[in-house]
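Same chain, two partners: subunit A is paired with subunit B first, then with subunit C.
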Partner chain A sequence: MHLEGEHTISASRGHVWEQLNDAGVLARITPGLQELQAQGEDSYQARFAIKMGPINSTFSGTLRVADRVAPQRFRLLIDVAGNAGSATAEALVTATPVAGADPEQTRVTFAADARLTGLLVRMGQRVLSGVGRLLTKQFFQALERELNDASPQPAASYQEGDS
Partner chain B sequence: MAKYIGQAVKRVEDRRFITGKGRYTDDIKLPGMTYAAIVRSPHAHATINAIDTSRALAADGVVTAFVGQDLADAGVGGLPCGWQVDFKNGDTMKEPPHPVLAVGKVRHVGDPVVIVIAETRDQAQDAAELVEVDYGILPAAVDTVASAGEGAPLVHDDVPRNVPFDWGLGDADAAAAALDSAAHVTTLEITNQRLVANAIEPRCAIGDYDSARDHYTLYTSSQNPHVIRLLMTAFVLGLPEHKVRVVSPDVGGGFGSKIFHYAEEVLAIWCSRQIERPVKWTAQRSESFISDAQGRDHVTKAELGLDADGNFTGLRVTTHANVGAYLSTFSTCVPTYLYGTLLQGLYTTPAIYVDVTAVFTNTVPVDALRGAGRPEATYLLERLVDTAAHELGLDPGELRRRNFIPPFDGVEQPGYQTQVALQYDSGNYAGVLDKALEMVGYDDFREEQAAARAEGRYLGIGFSTYIEACGIAPSAVVGSLGARAGLFESAVVRVQPTGKVSVFVGSHSHGQGHETTFSQVVADQLGIPIEDVDIIHGDTDQVPFGMGTYGSRSLAVGGSAIVRSLDKVKEKGAKIAAHLLEASEDDLEYAGGKWTVRGTDKSIGFGDVALTAYVPHNYPEGLEPGLDFTSFYDPANFTFPFGAHLCIVEVCADTGKVTLKRFVAVDDVGNVINPQIVEGQVHGGVCHGIGQALLEGAIYDGDGQLVNGSYMDYAMPRADDLPALELGRTVTPCPHNPLGAKGAGEAGTIGATPAVVNAAVDALWHVGVRDLPMPLTPQTVWQAIQQAGS
Partner chain C sequence: MSSAFNYHRAASVDDALAVLGQHEDAALLAGGHSLIPSLKLRLAAPGTLVDIGHLDELNYIRQQGGGVAIGAATTHHDVATSTVVAGQAPLLAQAAAVIGDPQVRNMGTIGGSLAHADPAADYPAAVLASGAHIVARGPGGERVIEAGDFFVDLFLTGLQPGEIITEVRVPAQPPGSGACYAKFPHPASRFAVVGCAAVVAANAGVCTDVRVAFTGVANAAFRDAGVEGALGGQPLTGAGIDAASAVAAQGVEVLSDAFAGADYRRHLATVFAGRALRSAARL
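After this line comes the complex of A and B, so read on.
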């Protein structure tokens, strides 16, 4: 499955980059993310709860950040499994300043390829792209709120790991 | 004489089905019953590195759980294949183990790995989700042809190139020579896509071990309980057969998928023995998609040679047949003996050769599905014939008539020996086509088609004239071809002292209406009211033996077994009647339920004779009491129903949508006992065949995931996809069974599919479309129109 999206945010690239690379922020704005626990540098244990068509399930696994090129792009490697199947995904997230915009604007894009198994693929096919679009929209909206709101409410728990 | 035979007697079983009183396996609740859920592989191909059931075992209500190694340690065998097909070079078929629960490796999405047993169904399912299996994902073999190529991942390490056997039939040299010297050769590359069986009742199994009697009962949603008992006791569990009873009560459709012996049946029985409580497993619909054997899945190159006059001179067919991850019970005979042997069709083609390569893939096993091999054969033949007609500018009806085998009744004229092993019993092939053309108003249609074309509307007509081999099958013949079973049928006719009749038959009814059809035969033959007859089936403790229901065999084989027993009843009854009437047996005639001394008014009724048989006070000397006979009927030959299906479609040039305007089916199924039931069977079969042509198809992605495993995405035919079916019939009796019946259960699926696709191609030939892959979705057809136009 391929998912992609983009959104232009009224904030400087530096600011957006900071937010995107703050695990606490990510935990708050990623839809369905219930728990994020640092395991090591750029590596997290994550738990998602996703409702998708006939599937209402919890997935847990790892989330890793790789190939970080500040403040332009990074790669997100997701490997989660639950009773409704598993998902292995690789997402490229980029941040680009919008030329000539005043005040500053940043275009955030992401493109993900996911391999799915189990009920997810057998029963979710019809609703996957719709759900993908919805989750993407929720993510960007939450990011925008995060950038504009001085005192965001925690949506998910984030714990610093031992390392 | 015939008061019921030939009449549309209302189905006696329908009252209970319509009022919700059918008793299916899942309706059965036994005291102390537990419920099983099965953890299945989410991967098409993976090693099992570790299984952790500890969380599941600690969950509420969980009784126990078993993994594959538990069964292996207990000596439980693998699921057997029922038919051995060896390689062309004589090498033995490769038959890798098919464990009941996977050990070490999983080979398709849905492969069972762990069984969890709990007090309730919900608890079992919740606990199953707590089982943790550590898989090592392996690359999967998915594509039918590529999986047999070099370098493809191996489904079974000891089966090179994933080929369990290859097979050939006919004369390869003669076919090659005929094609080389043909004036014209029509060639098609055909994919007969994989289908899901989709029985309305999901599979279900209950194992019940009775420690007091050391006796097992398996209730299972199956088409052939005796065969399941035989396979399970003799090959898998090593249980004494007489200590095992298998019951298949009402079964909500099978379409072939409930013929086979499945892992869950073994699990229910074995687990029940371990915990000494009944164990029930019922498939969820999503589970059915990945655990019921699927059908078709052939990739074929087919070449038909014709001479300058349009006579067929040679046929060569090369097929890759996907068998999935394991050899299911009859998976090996379907793409061989039920496929290659039908490639003569209705035609006199003098040289035929078929070459089949079976291929393992990391997909759900493939086995018989309504028609089983015969739809695949008919599809390619009939597509070839219509395509040849287009290429040569000949009328498709005329081309067929030039090549039809002339009429023969199998009595005065001998049966027709084909180039591919079979001998057809009787047929009048031009007869069904002529009748279908008359019903459709063929000449008028061609005018209408031309007029529509002038307006830019695309109408087309598709032909399909098919033959099928039913009434499976003479045991000695199939035995010589590798079958590991006989294919006879048994029937007990038990006349009760009051003259009421109980008939126990090995044929199983799961939608076919046997309780009605068989009752009609018995009532007419004995001259008694139909209400006095009861048909009992589906229980190994009641019926002596049975090979079950598939291959349109119930009336031709099971019905014939009943007739044999009825003959014995009448023969013995005549002895008793002669004694009571003080007449010679030779002077008696039996009609209207009584024996009459010819030329007199002296007679005695069936009921009086029955009572005398059980109260033998005044009785022939030396004759045993009772009126109860068992017969086993082994058919002399297959039966060969045939027919002509014509389909008219309109294809929307803008959207590619194919709309069925008319569908005419003229079938010859031999003598008909109940025309309404035959019509129902043809209706269902035709809709099934139309479903394959227009809508259905199991789609696996490159990782071996079934991506349309629900009814949101797997398109089944619905009422608004279908026209009102126009049915006709001719009658060419089967010469070798006592009822003259041939079988009707699969005719529709075999005839309908090519008629629909031929019609769509006919509609689009003038814009340059030469072939269309199934299913004919609007997208597929639209793309073909665009490509043809560019």
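After this line comes the complex of A and C, so read on.
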């Protein structure tokens, strides 16, 4: 499944980058992410809870940040499994300043390829493209909220690991 | 095999609301044709099922205030075969008659279908094009939701947690107007790959009222302002309908799956808009 989206945000690239690279922020804006626990540098244990229509399922696994080129782009590598199947996803997130915009604006793009297995695909094939679009929309809405709102609602818990 | 759950056979809507309020992980059960399959696959595991499917207070079809009121637990079969619905809100009857198969129509309910908000369900298009209202009761009392505000996104409705749909109110189709629900069913599931509900009225050959709604095309059913704008006020002719249908689903993010890609689905939307409008206009 391929997901992509882009969104222009009224904030400087530096600020957007800072937020996107803050694990606490990432935990709040990634749709369905319930828990994010640091395992090492750029590596996390993650738990997702997906509630959509008749499906109400949890997935656990790892989330890693790779290929970080500040303040332009990074990759998110997600590998999770649950009783409804498993998902391996690789997402490229980029931040580009909008030329000539005053006040500063930043275009954030998101492109992911996900490989899904199990019941999720068997039962959900018909609506997967819609699910992807909804999750992408939620991600950008949450990012926007995060950047505009000084006191965001905690949607997920983030814990620093021991390492 | 489903996970273990508690089963509560509600004595009334108020009783069901009380149980919903007490259990955060409770789910409503009516016809069960969306919920039970996902329970059996353990894609959902509610702690408590609150059964409202048998409640007489939710099972009725009656003429009311210049339209039809349909109780939420009324089966698709009952809507499809009701003379009251056929006379006042034929679009609903047409849509109900082509949902799934006889087994689904004998068990599935109008409230369940609307609350589930499957992007390819038949009712949403008919409810939108008829200008119906959805009545919901919750902890804060009763409220009436316009169909246009109800279908928000994929499986997402304007219902608040703890609310139960109690009734669908459909205004009587205006005299002199025509209506048609045209559907391309998926050959296996019978869900709408594309479904188009259309209502048209004309005066002296000019289209005075047109409402077109699609299901199966996008994340949620929607009224197509493009088609409506292209036909409203224009001569109601085959050529006029063809021109208006050609702009169907423009500016809409169209669903895509292994059976029907986005381009094909968009094309189907233009074809089925044409068929629904021609039939509604008796052309």
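Quick notes on this structure:
The definition used in the following text is that the second predicted complex is superposed on the first by the 160 of 163 C-alpha atoms of A that agree within 3 Å, B and C clash if a C-alpha of one lies under 4 Å from a C-alpha of the other, contacts with A are read in each partner's own complex, and residues count from 1 in each chain.
Definition applied: contacts are C-beta pairs under 8 Å (C-beta built on N, C-alpha and C of every residue); 3 or more make two chains touch, one makes a residue touch a chain.
Quantities reported herein were computed from a predicted structural model and do not represent experimental measurements.
When both complexes are overlaid on chain A, the residue A:V121 reaches subunit B alone and has no touch with subunit C.
Contacts of A:V93 after superposition on the shared chain: neither subunit B nor subunit C is touched. Residue contacts after overlaying the shared chain place A:S129 against subunit C, while subunit B stays out of touching range.
Judged by the touch definition given at the top, the superposed model places A:V108 against neither subunit B nor subunit C.
After overlaying the two complexes on the shared chain, residue contacts for A:I55 are found with subunit C alone; subunit B is out of touch. In the superposed model, A:L63 lies in contact with neither subunit B nor subunit C. In the superposition on chain A, subunit A positions 53-54, 83, 119, 123, 125-127 are in contact with subunit B in one complex as well as with subunit C in the other.
Of all residues in subunit A, only 53-54, 83, 85-86, 115-119, 121-123, 125-127 touch subunit B in the complex they form.
Per the touch definition, subunit A reaches subunit C in the complex via residues 52-57, 83-84, 119, 123, 125-131, 133-134. By the touch criterion stated above, subunit C contacts subunit A in their complex at residues 34-35, 37-38, 41-46, 116-120, 153-156, 186, 189, 191, 218-219, 253, 255-259, 262.
Here subunit B touches subunit A in the complex through residues 42-43, 109, 129, 286, 289-290, 701, 703, 705-710, 712-713, going by the rule given at the top.
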